[in-house]
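Two complexes are shown next, each including subunit A; its partner changes from subunit B in the first to subunit C in the second.
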Partner chain A sequence: MVRLERRAKPSALWAVLAPLVAVLITMCAGGILFAVLGKDPFEAIATIFWEPLFGEFAEFYRPQLLVKGGPLVLIAIGLSLGFRAGVWNIGAEGQYIVGALCGAGVALAAYPAEHALLFPAMILAGLAGGWAWAMIPALLKWRFGASEILVSLMLVYVAERLLKAMSLGVMKNPDGMGFPGSRNLQDYPSAHNAEIFADTGLHWGVVAALIAVIASYVLLSRHVLGFHIRLSGQAPRAARFAGVSPGRLMLFCMGVSGALAGAAGLFEVAGPAGQIGISFNAGYGFTAIIVAFLGRLHPVGIALAGALMALTYIGGEIAQGDLGLPAAAIQLFQGMLLFFLLAVDVLTHFRLQFARKGTM
Partner chain B sequence: MDLSSIQPGLLIASLMVAATPILIAALGEMVVERAGVLNLGVEGMMITGAVCGFVVAVQTGSPLFGFAAAAGGGAALALIFGLLTQMALANQVASGLALTLFGLGLSALLGQSYLGVRPPSTARLDIPVLGDIPGLGAVLFAHDWMVYFGLFLTLAVWAFLRHTRAGLILRAVGENAEAAHALGYKVVRVRLLAILFGGACAGLGGAYLSLVRVPQWTEGMTSGAGWIALALVVFASWRAGRVLMGAYLFGGMTVLQLNLQAAGVAIPVEYLSMSPYLVTILVLVIMSARRNQAPGDLGRTFHSAR
Partner chain C sequence: MKFAKTLIAAAITLGLSTGAIAQDKTKVGFVYVGPVGDGGWTYEHDQARLAVEDHFGDQVETVYVESVAEGPDAERVMRQMAMQGADLIFATSFGFMDPTLNAAKKFPKVKFEHATGYKRADNVSTYSARFYEGRAVQGTIAGRMTESNVIGYIGSVPIPEVIRGINAAYIHAKKVNPDVTFKIVWVYDWFDPAKEAEAAKVLIEQGADVIIQHTDSTAPLAAAAEAGNVIGFGQASDMAEYSDGPRVSSIIDNWAPYYIARVQAVIDGSWSSADTWDGIAPGMVGIGEITDRVPAEIKAEALALKASIASGEYHPFTGPLNKQDGSVWLAEGETADDGTLLGMNFYVEGIEGNVPN
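On to the complex of A and B.
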């Protein structure tokens, strides 16, 4: 008989070990999954995790690591603040879309004027768009107590329809011969979020993600606001006695996560994606939830988890082409990772006690 | 625009069909929440049910087997959630989200070779005498049997929670798990059973979408129905009768919106199709502003130290 006994304090060892063990178990389970699909499991796992980094065409894939990892980390950093404080913003996908729409809107309105300040203005618009979209659930929660989980999620579906309406309507490229989608911002120098060094994948969104990692680290470990966030999550009553206003903290967490998701959307639309289109959003807002948990809601952990998740995206694409692995298999793989992490995580807070039935 | 093309009788008939998937899923989730567990994975279980039901119905040619498989698939996914939250004591919000992400991936994988296939049609239940009533008969009594199963389930869940001993125990576990444990009730076992029931219901609701409502398999076809079902439980303040009322209200909204699209209202389709989500938010806001009627221990992890 196995019993769980609560540890006096969370195990520091398991806090670090849990994500690693979860990744290993996911690889094993993924191998079984790939074998069931009729692929060689070792080849599939090697294609996903090894090929993008050290394979024959790694030169080409490595920059993609930054391109895919940047938005994931940027969004996950914002989400992690809220998750720590018990604020569940799961509508980052919607905030990502609206941020992209606002930022691209500024660029398309200014077209074809060239100005050095256009790109900074777009970033501000992206931040503001994501922030405003996140403020809807935040204010409804604050004023009426409506669940921020459900409202923020409903707004993802609204944002997706807004994206469709925009790419078919107002933002449609007048020179696009009737095809849906906006002008390509990659052909508009002032608005283009170009790579800072050619062929490295390093665009301004990646820089923003790095800044967010550092800022969030400083906030959580050195600033009283970060302390309040951690306190609210672990002991809400104690936080209230310490003078933390739960409402204001919630508004702050929702606002920051929304703004960062909006910025991620802007950097994507002005850079790698290039244009507003019907299928512009690629699920980064949801994958970022996995990244935040896999990184233990810790800034450095999130940066590493973002890189790993980016790797599975790229590896998954290679496996699709080379091995004919279905795209959904990778999505399933990512979902499994979160499951195993949550399961292994029990060891951080509890100790397993093996006891014979009689002694209980 | 031609609003006269919208017939009230047809509207009611189609709203009963539109309401059924979210009704069944929401009833299941309500029982889970009454037991004190918040399972946010309804969307994932629904879509898994949708694909399991579709695949089995196409393979066997029998919708009945399809629905049975859908219930099984939903329950199997719910079991993962149950083990995570009840045995490994994982966070319920995170586990529910994981369930949804996992379910979306799993369903896309299972259903990839079934795109564009037509499922066998589900039999209509032509109720002999009532169905012959002119006008009313065709509107209310000539649907497929799942519509009536949804109504029956509402009644059954209501009676179970209200009038049986097991229902009382389930509610006690949800209101105060510590007290129920002290009285000797098996909190974890009750919650696991409730979670399995919720999963089976979500699976059935999903299969209704893929086998009857649409009827086809496409990736991500539930498009938020599971989340609407979750909102419906809040709307209904955790009561079976109000779940039915709410589901018909949402069904009505969806159908009316589709009818307005067909009638050619001068609003683009994209904006009209936002309406179910916006109405959900509106309803959540109105209901949440009232007194909190949620079960006492909703979403709290239970761990007996003794």
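On to the complex of A and C.
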């Protein structure tokens, strides 16, 4: 008989080990899944994890890891602050869309004028758009106690409608033969979020993600606000006694996570994606939730988790093309990662107690 | 010395022979926007891929990646295919347009084919189907079959292709039934079973007894089956599983002849950038079997229309036709030119409501 016994303190060892063990279990379970599908499991796992980093075409894939991982890390860093404080912003996908719309809107309004300040202005618009979209659930929670989980999630669908309306309406490319979608900002030098060094994948969004990782690390470990965030999550009552205003902290966390998601959207629309289109959003806002938890809500962990997630995406595409694995199997594989992480996480807070005779 | 020579000779032979093998087999990549099991758009592209494999056997190797997001992911997938030796890549969604051109720029020797777009390059062709020809046949059946004189139309995304379909269906329904009216609901998506079902239910509630869909799932047919006295049409694929129920016919995208021809052109070295827009005649647009629920004389009328379109004798957009605002579009006997059709953003006279924008 095995019992779970709550640890007096979360285990520091397991907090670090849990993601690694989860990755290992995912590889095993994924291997079984791939074997059942009739593929060589070792080859499939190797393709997903090895090929993008050290394979024949790694020089092409490594920069792509930055392109794919950048927005994930940027969004996840913002979300992690809220998640630590017990503020659940589930709607980063919507904030990502609105940030992209606002940023691209500035560029399209200025088109075709070239100005050095255009791109900075777009970044500000992206931050502001994401922030404003996150303020809707934040203010509703603050004023009426509405659940930020539900409101932020539902606003994703509103943002998707807005995206479609914009692609078909005011932002539609006038030279686009009546098809939906905006002009391509990659062809507009002042607005283009180009790679800083060609073929490195390093665009300003990746730089912003790195800055966010460092800033969040400093905030959480050195700043009183970071202390308040951690305290609110762990002991809300104690936080109140320490003078933390829960409402204001919630507004701060929602605002930062919204602004960062908005910025991620802006960097994507001005760079790799290039244009607003009816299906511009590719799910970064939701995947970032997995990245935040996989990274233990810790800035460095999130950076690593973002890279890992990007790896499974790119490796997954290679596995589809090379081995004929179905896309659904890859998605299942990614889902397992979070599932097993949550399962292994139990060991951080509990210890296994093997019942001795007489205790039953 | 001699040994070294032999070694070099061996290496050269080996190099040549592996090179020759690589050249023998033409590699064709397919990039899909949805899952191959969507039963509609992507399913039909994948059927055509299988037809390519069947036709060429060992001469050709195909690879595909499904559920690819439109944007940077699509570009990466195409570049990945090109690096791994694809000679020809089919990008099968409108939203892959700019990513296809970006990838094509980086791989000038690889041929690209982009479905339903309008941007071409020396190594990028575009292709699409004249689905409106099929819509004319559907409109005829719908106009004859409706008893409530209300035809429901589920629009996907308001782009010229979809507007053309609505106009073609309306013109031909009206021709056989002057009392007919169209109710149009937009779902702003190509594939969303929940929204499609909802749209179908709304239309049925508003009195529609014929549902025409430009979305790819079978959800509207399921809704029609549930409602009872409502008929509908298969879209993109035949959707024959509803033949015993509401499905009376269908428009089938048949990409196989085109894909086989283009792969052949790459093998022959005769491939060049082109814009293809084929209809019923070459078989790119198929009309699924018209079921017995349709009386024989209506079926004969629909098939006669299909035959006259296929022979080129009749154009579905033939004047006199007015635009919605009453202004003259086509004079008596005049037919629409492809340029106007490709950019069509207006309804013809008689359709209520506005083209959303």
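We adopt the following convention: the second predicted complex is superposed on the first by the 357 of 360 C-alpha atoms of A that agree within 3 Å, B and C clash if a C-alpha of one lies under 4 Å from a C-alpha of the other, contacts with A are read in each partner's own complex, and residues count from 1 in each chain.
By definition in this document, contacts are C-beta pairs under 8 Å (C-beta built on N, C-alpha and C of every residue); 3 or more make two chains touch, one makes a residue touch a chain.
Computed from a predicted model, the values in this text were never measured in an experiment.
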Subunit C versus subunit B on the shared subunit A, clash or fit after superposition: clash
Contacts of A:G321 with subunit B and subunit C, given as first, second, both or neither: second
Touched partner set for A:F293, first subunit B, second subunit C, both or neither: first
Which superposed partner A:L162 touches (first subunit B, second subunit C, both, neither): first
Touching partner for A:F241 - first (subunit B), second (subunit C), both, neither: neither
Contacts of A:L4 with subunit B and subunit C, given as first, second, both or neither: first
Contacts of A:L338 with subunit B and subunit C, given as first, second, both or neither: first
Touching partner for A:Q64 - first (subunit B), second (subunit C), both, neither: second
Subunit B versus subunit C as contact partner of A:F354, first or second or both or neither: neither
Clashing subunit B stretch [against subunit C; choices 40-48, 112-120 or 184-192]: 112-120
Set of subunit A residues, in rising order, touched by both subunit B and subunit C: 161, 164, 168-169, 326-328
Contact set on subunit C toward subunit A in their complex: 29, 35-36, 63-73, 75-77, 79-81, 83-84, 94-95, 98, 102, 118, 157-160, 188, 342-345, 356-357
Complex contacts: residues of subunit B adjacent to subunit A: 40, 80, 83-84, 88-91, 93-95, 97-98, 101-109, 112, 219, 223-224, 227-228, 230-231, 234, 268, 270-271, 273-274, 277-278, 280-281, 284-286, 288-289, 292, 303, 305
Partner subunit B, residues of subunit A touching it in the complex: 4, 6, 88, 90, 140, 144-147, 149-151, 153-155, 157-158, 161-162, 164-165, 168-169, 286, 289-290, 293, 326-336, 338-339, 342-343, 345-346, 349-350
Contact set on subunit A toward subunit C in their complex: 57, 60, 64, 67, 161, 164, 168-169, 172, 177-181, 184, 186, 268, 272-275, 277-280, 282-283, 314, 317-318, 320-322, 324, 326-328
